[in-house]
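Multiple structures are listed underneath, in structure tokens.
Here subunit A shows up in two complexes: once beside subunit B, once beside subunit C.
After this line comes the complex of A and B, so read on.
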């Protein structure tokens, strides 16, 4: 239950969290929000996730910083922090390009909230991590590669 | 001086090759080599990756150390003739032998062994006596690599470092003794003697620093900050379960914070004691501002001249100091106000025949070894070739380990990790159990036999190759290429992951992606049941053979890099 509590705390910091707990299998999506973007989370590609969530497949470069390890220490729990200086953020979403279902999390924020979310996602293999920010009806994104490796042989 | 005739002859040879005046006595010849007049007001002595070699050893430098993409043809990816040319080293000289593999056997016989803590202590004392104020920095990989360090749970090295006079250290293989052991040594043995620093190790749950990120020491009235950078990929390259509560990583944002903090606290000189590996050091130096020098290790590169890297804050010197106790770097800084007005750098090869053993250290080492001598000195077989490991692909000692696994474990294919440590044995010399331990002494040495499918074997090779040849050093995880027995393949290092490995064959037949093969290995990073350690597999093989010749060194066909400065054909 402590994880649920942590997720709740993150949610209160960042706005309302809907994706993380759901993708971690902790909460049934529908219990969180009525407006659950089912199609976006079910999509098996980035374009589908983007369309389902934002009704658009493209986003401009923006003031977004992704902090994540270059190489994951444990693909099952990759710590990720996204910060953005963009004003009036409505939504921040996290997409793991090569995951079977790429959309990992989407945070609905109140416009006065600082652009900051920190969470952990599961990554099956090396992938581009994409952060998408919706603000003032416009979409912005940034990406970073996180490598997932078999390990060993170092030294 | 108690020199044997052989030692005396070797000393003469060393002196002659180094251009030292031999009309004076041999003792003063050594003096000339190791006399470094002081310069400036702050001196930093650095050694790294000694891999627990308390006694002098042979260590052959690589003939394959490829640099690809932006690293092609650049330091440290130069071997043999290219290295000699870059640093203007005279062929046949003592430096040529210290820094390159060229003419290794002859030169090794001529100049003798390198390193050894008793000889290193003599040199450290000598250099420190010539300076008013200095620090001795140890870059880590100090506790692991020998039988005695494994059998004493690293205690032999912990006490040897205290006796040597180490002031500050950081780590990598130290962590393979487990988080608890590391903390025990730091809190008890190192209390009031050695500062263990690492800014990039944080609690995995709470994000708080585990170790002191840095320490500030005053030298000649100048506050000097030493920031630690442990090996960033320890939980990936080595078993994560040994440090499961800690998270590592490069963390150059936190590094920048620490540099700023140390400067705010009054540090006039800021250096990083790093176990990044040189390519990562070079990239970090280009990104982090306000670091005067990075003194690094991990990739075992000995580089006689610092690389000056420009960044937004000015310039950072990047220094890497080799391995196995073979080199002592001396960085002398002239600090005026808050500026470094000048520096002098010397990377001194530690030739044990030219440096009398320090008695106190020698007695200590003899004492540590005494209970284990029978086991250590067991002669297993005679080497018919030079045995070595270091290089991007199979060395002859790896080949021997792979051959042993194939035979003893009854495997079709053998995998041995691409470690960089492990001493060399000269042809005609006995291979002792201690030699085998210098290649295998780790805390997770169980040998394994698994059935792996062809396509998975390809995945493994691609994965390890990307950890070595990724175009971005921050994505390089660590060791050299996995060593292979039985299996043959071709590699194109400049390609991206998934496209480097091709033409995999076993006994002339193409590997079948869907077929299962019997694969022997060791050093699994997973938690596996304990079984026969690899050193027993190798020892058994050697005892049966009595004399060992390496029939074929299984180096893959390397594509596209025939003219790379990091490659020289034997």
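After this line comes the complex of A and C, so read on.
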């Protein structure tokens, strides 16, 4: 009993140390948000992002539409809307192929959530936007090329 | 904590409800160089946004620094009706967080 209590105390101590380190920005806050896919977001190429997020690099063509400007004058704010008629979407991911870290966002959806997401992303330079949808354990993707005249990655 | 960082508009049209949200946040990439000091500005960005309908999670967004400053998010779901609660909360990489609840109109 007392040993268990000791282990428990040590556990909480270690936990709080990690918490402090994380809030100081020393550790990546993987410990704070268990769901945040660190490896996928850290990846510097599309294949790594796909693998980190979906454990697979390949996706079939599917009923996915990407709405984004053909030419974005300001890469810091590129509006993008993804719609999909695929049933039972579990996850929708947005990837900007030529960004330093391609994975921009991942959306986990409930059964009542429709296949529709709209947001604004940063694009460092002209690149393909890739939308990946996971539904029923299968992967589908679509892409669209967006030309960027001024980059949005702080350069 | 900075309150009112989130603005939500939720509108039901038939079976479908469209939620639009605007969040005030720097979304600093960690790549930008401060012109005065010549040093890189540390990354500061929202990592996770959770959207709930009457207490049930309907969308969890995991974001990177590639989401634009003052993020905009819009999504749709079925089963919502006027008067229902839509709650949106975010947490960033410095563990700052905020949440806001709005009624569907």
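Convention: the second predicted complex is superposed on the first by the 116 of 155 C-alpha atoms of A that agree within 3 Å, B and C clash if a C-alpha of one lies under 4 Å from a C-alpha of the other, contacts with A are read in each partner's own complex, and residues count from 1 in each chain.
Assume a contact is a pair of C-beta atoms (placed from the backbone, for glycine too) under 8 Å apart; a residue touches a chain by one contact, two chains touch by 3 or more.
As the structure is a prediction and not an experimental result, all values here were calculated from the model.
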Who does A:37 touch here: subunit B (first), subunit C (second), both, or neither? second
Please work out whether A:126 is in contact with subunit B alone, subunit C alone, both, or neither, and reply first, second, both or neither. first
Determine, for the superposed model, which of the two partners subunit B and subunit C contacts more residues of subunit A. C
Contact-wise, after the overlay, does A:71 reach subunit B, subunit C, both or neither (first, second, both, neither)? first
Once chain A of both complexes is superposed, is A:104 in touch with subunit B (first), subunit C (second), both, or neither? second
Go through the superposed model and pick first if A:60 touches only subunit B, second if only subunit C, both, or neither. neither
Footprint overlap on subunit A, where subunit B in one structure and subunit C in the other make contact: 79, 152-155
Help me check something: in the complex, which residues belonging to subunit C touch subunit A? 16, 29, 31-33, 41-42, 47-48, 53, 56-69, 71-79, 91, 93-95
Would you mind writing out the residues of subunit A in touch with subunit B in their complex? 67, 69-74, 79, 126, 145, 147, 149-155
Show which residues of subunit A lie in contact with subunit C when the two form their complex. 22-23, 25, 29, 32-33, 35-37, 41, 76-79, 81, 96, 99-101, 103-110, 112-114, 116-123, 152-155
Of all residues in subunit B, those that touch subunit A in their complex: 141, 172-173, 204, 231, 233-238, 240, 247-250, 253, 417-421, 459-460, 463-464, 466-467, 470, 472, 474-475, 477-480, 482, 497, 523-525
